[in-house]
Amino acid sequence: MKPLLFLLPAIAAVLVVPAVVDASHLNTVILVLMAAQLGVSWNLVGGYAGQVSLGHAAFYGLGAYTSTVLLINFGLNPWLGVLAGGVVAVLLSLAFGWSCFRLKGHYFAMATIAVAELVQIFFTEWEYGGAAVGLYVPMDKQGWLWMNFATKLPYYWLALGLLLLTLAANWWIERSYLGYYFRAIKDEPDAARSIGINIARYKQVALSVSAFFTALGGSLYAQKELYIDPNSVLSTALSVKMALVAILGGVGTLFGPVVGAVILTSIEEFSRILFGGSGRGTDVIIYASLIIGVAVFYPTGILGWWTARKERRAARADASRQMAAHAASASKEAA
Amino acid sequence: QQEVKIGVLYPLTGPGAAVGAELRSALELAADIINNGAPGVPELPLSAGKGLPNLKGAKIKLVFADHQANPQTGASEAERLITQEKVVALVGAYNSAVTATASQIAERAGVPFLNPESSSASLTQRNFKWFFRTTPHDDLFVHNAFEFLKELEAKKGIKPAVVASLNENGLWGTETTKLQTKLAPEYKLNIAKQVMYPAKTTQLTSEVQTLKAANPNLVLQSSYTADAILSIKTYKELGFLPDMILANNAGFTDTDFVKTLGKDADYVITREVWALDLASRNPLIKQVNDLFNSRYKINFTGNSSRTFTGLMVMADAINRAGSTEPEAIRQALVATDMPGNKLIMPWKGVKFDATGQNTLGQGILTQIIDGKYHTVWPFNLASREVVWPMPKWDQRK
Amino acid sequence: MTTDILLQTLASGILIGLIYALVAIGLTMIFGVMDIVNFAHGEFLMLGMYSAFWMFSLYALDPLLTLPLTVLMLFAFGVLLYKLVIVRIVNAPMLSQIFTTFGIMILLRGVAQFLWKPDFRSIENSSVSGSVKLVGIQLGTPQLVAGLGAIVVTGLVYFFLNRTRLGAALEATASDKEAARLMGIDSHKMFSLAWGIGAACAGAAGGLLATFFPIFPDVGASFILLAFVVVNLGGFGSVTGAFWAGILVGVIEVMGGLLLGPQYKTAIVLVLFLGVLMFRPQGLMGKA
Amino acid sequence: MSLLQVNQVSKRFGGLTANQDVSFSVDAGTVVGLIGPNGAGKTTMFNCVAGYYVPSAGSITLDGRSIGGLPPEACARAGVGRTFQVARTFTSMTACENVMAAAMLLQHNVAKARKAAMEWLAFANLQRFADKPAASMTISEQRRLAVARALAIEPKILLMDEVMAGLNPSEVREAVDVVLKIRDRGIACLIVEHVLEGIMPIADKIVVLDRGMKIAEGTPQQVSNDPAVLTAYLGD
Amino acid sequence: MMLEITNLKVCYDDVLAISDVSLKVEPGKIVAMVGGNGNGKSTTLRAVAGLNAAAAGSISFNGQAIHRMPAHQRVPLGLSLVPEGRRLFPGLTVLRNLELGAYTRQDKHEVQNSTEEMLALFPILKERATQLAGTMSGGEQQMLAIARGLMARPKLLMLDEPSWGIAPKFVTKVLDVIQQVNATGVSILLVEQNLQKALGIAHYGYVIQTGRIVMQGTGQDLLNDERVKKAYLGL
């Protein structure tokens, strides 16, 4: 009953949005969906499994590059290219895991930055992939078959579909043994090993699945913006943004990154739209102040804060009930 | 009274903000001249201050958007300017990567996009219908540089025996390197060493040492501002200097370049598209620059003058279209044929080919002497003889 | 390639490495004491550079002369930042700490642009311009002075941490702040101290760097990745580790760039870094 | 053939020898106590058996299969369950989920794992915490939870490191009962403990370490009368 | 009165940990607090040390109200807590740990002597003076924790389960040390599970249950109390 209560308005909103907003707002909504999808993908390894990656742009870029290179040089249909991108990202994630998983905490986070920077340097130098000049996705073949559209609406459905797919995968994983294993690894890796969890393997599983979905997001970017270069799809700033989306909403929760994406993208867009034209950096100042504010006042993210609040209330009620019971029994004893 | 909204996309924050600020000033001046007029520039189109006469004196209204040098942001802002701000045309976006995505939005929406200063050659190889570029692109610039060397040899018998290049490894530097590699044989130049470096570098020691080892007579260089400054400092620190540095605009023409390096900037030759000393041939240049200088206390640069020109061309086209209908504007742009004397650029004029590229543009070469940029090529425009070779560091006073 | 060039390059590498070390020491200090990665550290450096720049251009004071002032100002800034913002995230999860310092990084860049315009500035003809020739190796005087400055500052920080009572208290707070409180150590004071010293080191680096590096709002971005690599390579929290790793990175970057091609110089550093972590996951001098 | 066989195991940390040529065995279904003064190397030995340390020398076999040097997860799969000196609960989970995570070693099915977990919680007398966040439990409750969690992988041998520390005498009794229940299920127990009231009455065998070496082995009766043990450990 | 706690209430976030604790420690006395797991013993000590805030009630030390004072300011007053779980500085050497124990002391020149005293009291520490605290065994660490607590020269030493994880031989030793320390005039507030031993050396004792004091009396009285025997000694 209760989930239905949330689900119905959500479905309604999803159907109504494209009908009521103009192309530019729809574009903003698409940006939200895309950011959410990345946050949700990142969350799998960064949130559930607690391996804070700041190098996810590597997977994103690899997705974008794989589908684009295959399309340009072999005329491969982007639908297949997208899958290929996912697979290539999974392959990269193996190297990623191999080189970084023995590291802990901040060491891991920094190493992921390093790996992603290396990938960016590679693409900056890689002639066949357009090097620093980047690649244009040809606009000549349009329509659903070629995942290339003159209007925004199909991209909305694509982004939405991809987000739902990613959410569904997360939902399934969260509830399966994998979800338990990921959380065990995050909480107490040593204890996780003592109950037979091969932490290297399951971290890798989390990373690979996460990489796969991140790459899909990258391919979508390429198909939407039609131009990619190492800077725009492989930069560390992008990796950080994926993490931010998840953190802002609440890591390790299914819908946290979605909430985070809504908030972060709104802050980003509105501060820039309102103040960006001034040319004095006001937009950046406002954007930064807002995210600092959220980080400081909602350190577990908006959704994390919300659930914690609920839990605390429940615990308080519980505790006072217990205290009352104890008091009653104590007075009985005394009597 | 009617308003004509033009969306402009520039990097107003982030790494490109310094340039963005200058371009913004140039645009404001251009709009102000069109809307309110300016004394002493009668030759400049639309300078009577009556707005756009063919549109009942409609005023130009610029809607600024900050793309932060981010292609996705550029695309989003283009989308917003078109759908929400209802701009009739777009001008931007300096960074070639952003121009790439933003113009793609305009193309799909069917809104004219005029690009005054992005130099990536590929931008006009996309067969876009709505994309126009007033500036020459890197292909031409590299040609210009090599042409200059050829003429220099013919005229003065100077031929650099060993040529090396030092280019940043981003979009622009990479494309330039490729073009140099491709064109050098045609000009019988042998590029002995090609060095590329990351623009955001903290040191250029290894780069300069590599150059030093190659011992070139000429260094072709493409750098942004910080790295351009850093490179000259490193040359000096390590006591390296070729006979000539033939630089490729950007950092070398940034206002801060000469300001920072002072005398050390002298003798560098850089590709440009504009120079103040061209005023002797085209009075418009000085007139408009005076306006600019009195307002913002800086002179035009190749970048800001091109952006200024871009907006003028756009405004002219809208005026000729006599309408704010996109298709009408596009046709007016296609029909553009502005003579050189109406421009503040040393160009033969503005006329677009089928790809949207201005075919009458041209680059010039300037040499910095006593902190000023002097036109030294094309020889017929030159205000000064080329000083070649540059005096070594220890021979300067 | 002559030995001449190799030696020269090596010397330059060491000098730039010393600057990296100085930037990284501040970073590793904050990390060591608080377990917080300060993404805004490059911006502290930027503030240090601007401080030197403004004192130079407004009052014609030489950057070397104003270095102590710059260091003090950055110290105060670090403390202030701690008291205003960081104090609230001391116990927050690592992720929201990353988030906060990342926000501060963007904020400071924005503020710098707002206040001082995005222009490129620089200090010309300070007391330390020109270059000197030492046994056939030519070195920029500013770089040489900066390198020496880096050594001095590192020495001071090292002495402070290992030889003073306050230093011991700082380390105690670093390892268990609740237990430190039981020893009578005011942990907030220690944390502000760490931020103060951390920022002061970046300030010192900025003041020294300002004599030969262009100054602009985003200048921190050029240094932060290398600073992270250095801190990590040396071992999070290890001052001596950061010192040697800084030099190592400087040398590898410059020599690697010379021998394998400058476009790969960052890649070489990163590969070395990942390679070292493979054998020593805690960095060269980090605690396991 | 004993269930667990430790042969001539040594473990060195740099210059320090924490275990030297230690040999002992644990038979199936028995309780063996590992005692000795602080720093004797008990936890170290424990970690060698559970796969957390690689022995510098010697061999360890479980059920005839060599497990020395295997990683912890492999040891767990081979049948070694363990607890830690500090509880190391999965703090983001409820008590039940803690145990479920372990039960999943045997079947990945969530519902089945939950069922098994509830049984183990009942076994450890922790049912009432099932849906409480594990982080809200006291240290000693968490330690009991850790036992339930270790049992859920259905080990052949359970290694317990000081599970009775910090318990008052009547709580120690409860803990002893739990150990006996575990033994009665046929699971061998290797227990490191300083609380002798908790181990002496139930151990089938006691192994005494001192300065890394085995100084005595035998029934509780035998070792408590051993003069070496008296001087080294029990005091007078 | 050395320490006087009145109607103390402490919460973790919003969860009540102790609801009503009142107790006194007279100068020069050993006072023991006993009770089952999770009943609030540690919380009480932490509140006295200042690690947990008092939600209600008061704590006074030598007549001075201290419950609003930050933890680090309570130490120089003469209040020292050896916390549950030792809480050493694992990355520092044994000696450095000891030095830090004396952080607030003004008599710097005396610190060296105190260190010598501690190394004499706990010979095992002397052997390992330059070893990192974190690599020592559990029991060794407990010794160090007590020694570190004493380095502050406290007037009141609070010990939270000092026999936790210590070999039997050392348990006796630790209790001896506690008595020795007490003999020098230091008051002791001792939390222990080892009821017999703790109450055996205590002048006075309190029993705490679900966050409130339910019984008090001299050590012997409590040991002989039927309810205590039944609930805690399992007799």
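By letter and in written order, the chains are A, B, C, D and E; residue numbering begins at 1 in each of them.
Just so we're on the same page, a residue touches a chain if its C-beta (ideal position, glycine included) is under 8 Å from a C-beta of that chain, and two chains touch if they have at least 3 such contacts.
Molecules present, by chain and UniProt name: A, C = Branched-chain amino acid transport system permease protein; D, E = Branched-chain amino acid transport system ATP-binding protein.
What you are looking at is a predicted structure, and each value in this text was computed from that prediction instead of being measured.
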Both-way neighbours, i.e. chains that touch subunit D and touch subunit C: A, E
Selected interface, B-C versus A-D, where C-beta contact pairs are more numerous: B-C
Greatest separation from subunit C - chain, by CA centre: D
Subunit A and subunit B, separation of their C-alpha mean positions in angstrom: 39
Inter-centroid spacing, subunit E versus subunit A (mean Cα positions, whole Å): 48
Subunit A-subunit C separation of Cα centroids, rounded to whole Å: 31
Where subunit B and subunit D are represented by their mean Cα positions, the distance between them in whole Å: 75
Multi-partner residues of subunit C (each touching 2 or more other chains): 109-110, 113, 118, 217, 263, 266
Of all residues in subunit B, the ones touching two or more other chains: 13-14, 17, 20-21, 169
Subunit A: positions in contact with at least two other chains: 124-125, 281, 283-284, 315
Of subunit A, residues touching subunit B in the complex: 22-25, 27-28, 31, 124-125, 131-134, 136, 139, 150-152, 221, 225-227, 229, 231-232, 269, 272-273, 276-279, 281, 283-284
Subunit E-touching residues of subunit D, taken from the complex the two chains share: 13, 35-40, 43, 85-86, 136-141, 162, 165-173, 194, 196, 232-235
Subunit B-touching residues of subunit C, taken from the complex the two chains share: 1-2, 5, 8-9, 12-13, 16, 19-20, 109-110, 113, 117-122, 124, 131, 138-140, 143, 212-214, 216-219, 221-223, 226, 253-258, 261-263, 265-266
In the complex with subunit C, residue positions of subunit A that touch it: 46, 52, 54, 99, 102-107, 109-111, 113-115, 117-118, 121-122, 124-125, 236, 240, 243-244, 247-248, 251, 280-285, 287-289, 291-292, 294-301
Sites on subunit B touched by subunit C in the complex: 13-15, 17-18, 20-21, 169, 195-198, 200-207, 209-210, 212-213, 225-226, 229-230, 233, 236-239, 254-256, 260-262
